[in-house]
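Worksheet for the structure shown next.
Chain nomenclature is as follows: A, B, C, D and E, assigned in order of appearance, with residue numbering initiated at 1 for each chain independently.
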Amino acid sequence: MNAAEELKQKLPAAVVSTGMQVNKPMAVIKKEELLNAARKVKEMGFDHLSVITGTDYKDHFEVVYNFFSYNNKHNLVLKVIADHDKPEVDSLTSLWKGADWLERETYDLVGIKFRGHPNLIRILLPDGWNGHPLRKDYDMNTEQFVTVGENGDDIVSPDGTNLLRRK
Amino acid sequence: MAWISKNWTMSGIIKGLIVTLKHVLHIGNRPTVTVQYPYERMKLSPRFRGLHAVDENACIGCGICEVNCPNSTITIVKHNTRWYPQVNIGMCLFCGICVDVCPMNAMKMTGNYELADYTRESLVYGPDRLLFNKEVKQ
Amino acid sequence: MEEGGFRVDPVTIDTTKIKTAKKKPVTALEKLEDTGLINTVLAAREREGLILFSTIDQIFNWARLSSLWPVSSGLACCAIEMMATAMAHHDIARFGMEIFRASPRQADLMFVAGTVTKRMAPRVKQLYEMMPDPKWVIAVGSCASTGGPYIESYSVLKGVDLIIPVDVYIPGCPPRPEAWLYGIIQLREKIKNEGYGAKWGLNK
Amino acid sequence: METDELIINMGPVHPSTHGVLRFKLRMDGEIIKECTPVLGYLHRGTEKLGEMKTYLQFIPYTDRLDYMSAFPNNYAYVKAVEELAGIEVPLRAEYIRVITMELNRIVNHLVSIGSLLLDLGASTMIMWGFRERENALQLFEKLCGARMTFNYIKPGGVREDIPEGFIPQLNEFLKDMEKRIEDYEQLINSNEIFLMRMKNIGVISAEDAINYGMTGPTLRGSGVDYDLRKYEPYSIYPDLDFKACVRDECDSYARYIVRIEEMKESLHILRQVVDTIPEAKIVSNPKYGVAPMTGTPSAVSTYFPRIFTPPTGEVYSRIEAPKGELGFYIASDGTTKPYRVKIRSPSFCNLTAIPKMVQGLKIPDLIAAFGTIDVVLGDVDR
Amino acid sequence: MTANAYELIVYILTLLGVYEPILNVFQVLGIEYIFKILIVLVEVGILFVFVLLTVMFLTWMERKVVAMVQARYGPMVTGPRGLLQPVMDGVKLIGKEDIIPAKADRWIFTLAPFIVFIPALLVFIPLPFGQSLIISDLRVGLLYIIAISAVSPIAILLAGWASNNKYSLMGAMRAVAQDISYTIPLALTAIAIVLFTGSLSTVDIVNAQSGTWFGIIPKWFIFLQPLGFILFLIASIAEMGRIPFDFQESESELVAGFFTEYSGMKFAMFFLAEYAHLFAVSGIVVTLFLGGWTFPILPFVPAMLVPLVSLGIFLVKTYAVIFFAMWLRDTVPRVRIDQLLNIGWKIMVPLALLNLLLAGFLVTAGVF
């Protein structure tokens, strides 16, 4: 029995379906039950949160969590489906501190909000950047420029006249 | 501090000093390795991916390299009644995909890396600077 | 950061006006001669008519080209090749350039080595402005020259010459250390042909 | 006593932030009260570009993520694609890949140790490290024609076969390298000042390291015996004899020692691989079957597909890169381009722990601890 | 036998037969003192030119030594083996724009380089370069040297404060803390030497080291006080602010330390002062512990050549110490500032006191 099935036995209410992500057991989790499921997953010995991925599927968002257990050498994938209009899932920072930046990055690039995250601000792009680039509807043609403010922070503006020498 | 009193002989630093002195005096296969570039050159691998070259007779101007180039470095332009690729080496990744995909094996990458120039415009290598003639060369 | 002191605008050559060469030039120096750049400079000197000051110019030019201290600011991949250029096998120190100054105030030359992102662009510009005149910029690699691999990206500046003037472009992704040295030699040739009496107002 | 806090912005242009990272430091005199890394000064949008390029076109971009060790990057991406499309790889190609990856691990650790020492103020080690690195780069150049950005490992094989004279040169390098590592150890390992700077600095316990998602030498320096090559084996690693290098002091010195030991282990692996490399094909082609063993570019262009469409699906594949666990998540919608590429970069996740590691230390300790987690900004910001 | 450089010049002029005639001319005009001042100016001028040339050579040497350790060549293109490189650097720095940051304190910002540079030259005045090659044999020579070197932290503090830059200020603070904590062991070990000689005069100290024991071992203080020598060497490397103790400009932490904001000639002055300091401190080490210009072969040298030969001996010894400093720089990393202060106060000072005690015992026992 793989880890996904085990999780389904333990938390039948949370798991929507189980399957495989190529060679890793995967469980699709209800959005509301994510934190419970994650807690259970951690109890099952999955102590390493490898990656958090957010994907824009035009009509919905998928957030994929890859877990790994250092003791049992097992993999487990959790998948959460979020609405496209109001993408919001629970934050796992209380369980894994490593989730902090991964969630911030997902928020930054894909625009999925993490409920309960202590410091959900952009991490790779400057504060004030318009849009989330990894969404499929991100407009690649809009030019945004960055200038430096008083204490070294970035200011985003569509106007690059201070920066550019020539067009 | 107690830690230092254990290591007061500084034997580690003395060991390090001996190694560096060996380098100063070139003891035991520790030579000066500098290759004085404008006067001497390193041996270049024949596979080195430098400036492109296009075989004048083989190229059919099909544009497969243009399509496969990851960042549209290559454009096909007209040159002496035929169509040849023009490479903006200021943009090029030197990844060699254009060489791999060329159906006629007309695209080559030479060992020329001395490409520095004063203007951005002169980094665009048109067919006049890329073409070579296989028959003439051999 | 604001600057004090008096600023000097040296007589620089507007290289953007150089059009493509007539013949097929081989080295960049030949290209330079081909475009009549040297003659332009010489003519500019003749207009001033003072040979002594052009001698001073030559001395200063020689000093400047012999001791170009780069500011140590690496941005991305090319910075590693910058380190490789400074290291034992290629040894930029032979040209007297191993003094990588961490403070731009003491540097003469800036290698823009790597991708200039939009977020980094104002900082690069600031760094350039903090350097004292005379100063030169070498754009290294495709990213700094035109945006290179990331030209389609949303967060990359398409060429550092949009924000600061560039003297020499070194293509390559990243250019091998010999290509760097070749670029440096090209810059030395360029400095050789510049007119810098401006400090004392002699050439104007 | 009332004292003012000093706020220092270290970076983005600073000699010891290894690129364009910025630390916002709240200082109490020389003591760091809070350290906030500010990232993104090298954010180049690689993941978005991954969606815009075809599978083959994206391989050169993976080179430029962690530019200190491009082969593992190439391999991780290609491995993900291979898993996605179910491509089998000929044995010789796997051997060549392991050669390149282990060589690259040595190169990476050389530069990492060198720049650590440079940050501590000793300029010699980086010169020596780069001297050996140059020898390795000549091998790379001989093999694939580029020094840092290779674009060599392709789905189903490698771009070109091993050229003539490569194996002798590699053997020479291996022989040379052993002596050099002895030199480094003599120079650094027992240097009292180095020990003073590194021991008990940047301590992070095994639980914390796991919780923060640290991987690679940083994790093994904290006493977690974990190496993906050993416990989730890929390529030909199951057939090879090597050990995961673990130290349990959890401090900067342990991480440094792990790197030195890993270089030796890599030499050991390379010696085995060089002895047993089989004579076989280097490319297998999903469309045209398995190609014969080839070495010429023309053959590569003949047997390589220009357009490549894996089936719909998603995959997360990870390898043990020199800096830690490098993973690629690829979602495919059955077209020629990936639907989504997500890069799990080791540097990014290792950097998460820096604020925890340096709290209460001083700026020089921050530099020492930061040097030992071996961050490359191209990998952090992507 | 002449005592100092002034007398040496007079002696040479007398030998050439020009001293009396010129003196007569000035005496007739009644401005004899002007002639004396002229001679002093000449000797000081020679010293300063010599020091500046040495400093330039030292920058070249530093780069070459680093290059040798690191398996490369160092400067090669400019001049033969790159010998002209320091000249070119100097000329270039003269021609650079001189930036004074807008928020800096202009007056102090401009003053600081001079306050660093001038003491670095003044240290050389009581330093015996060879027999009778000394500007002035001050009776408090050693005290003068220690006092003058204590001026440079003030200038560094001025520079760091005036720059209005956090890194500069931190670098300056560190430099001052470091200088203060290392001047004490430096002075204490120097006092141990004074116990032997009974005089603060540098010439006396050198003369005291001129003999030999058993006809073979030169009577240098290094053999009497090995501990004192090591302490003095470490303290003087810290005083020079070189790796492993280069906090004032620790590049990887503080960008360029207290001179982060300096450019052009002002920066060059810091640069020159640093190397002049290196030369001076090495000279002091040689004078105090390595017998100065003395060497057992000196009695066999013809009296006419003694100043020249002794100068050569002094320079060889000094360059050996300088080479050691450079060699050490290429080998070891930098210690941390608090570790440095710990070493200074908790180890160096007690050891220096112990050394003083030992010296006292040796003197009382009449060993020397």
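Here, contacts are C-beta pairs under 8 Å (C-beta built on N, C-alpha and C of every residue); 3 or more make two chains touch, one makes a residue touch a chain.
Just so it is clear, the structure is predicted and the values come from calculations on it, not from any experiment.
Shared contact partners of chain D and chain E comprise B, C. Chain pairs B-E and C-D differ in how many C-beta pairs they share in contact, with the greater number at C-D. For chain E, the chain with the farthest CA centroid is A. Distance from the chain B centre to the chain C centre is 21 Å, each centre being the mean of its Cα atoms.
A straight line joining the Cα centres of chain A and chain D is 24 Å long. Look at where the CA atoms of chain A average out and do the same for chain E: the two points lie 62 Å apart.
Each of residues 87-89, 91, 94, 102, 119, 123, 149-150, 152, 154-155, 161, 173, 176 in chain C touches at least two other chains. Annotation for chain B: residues touching 2 or more other chains are 4, 13, 16, 19-20, 30, 32-34, 36, 42, 70, 93-95. Residue positions of chain E with contacts to 2 or more other chains are 69-73, 76, 251, 255, 330-332.
Every pair of chains meeting the touch criterion is listed here: A-C, A-D, B-C, B-D, B-E, C-D, C-E, D-E.
Of all the residues in chain C, the ones that touch chain B in their complex are 15-16, 18-21, 24, 27-28, 31-32, 88-91, 94, 142, 145-152, 159, 161, 166-173, 175-179, 181-183, 185-186, 190.
Residues 1, 4, 13, 16-17, 19-21, 23-24, 30-34, 36 of chain B touch chain E in their complex. In the complex of the two chains, the chain B residues touching chain D come out as 3-4, 7, 10-13, 15-16, 18-20, 29-30, 33, 42-49, 64, 68, 70, 93-97, 99-103, 105, 109. Residues 32-38, 41-42, 70-72, 88-95, 113-123, 128-129 of chain B touch chain C in their complex. Across the interface of their complex, chain E is touched by residues 1-8, 59-60, 62-64, 66-67, 87-89, 91, 93-96, 98, 101-103, 105-106, 108, 130, 132-134, 196, 199 of chain C.
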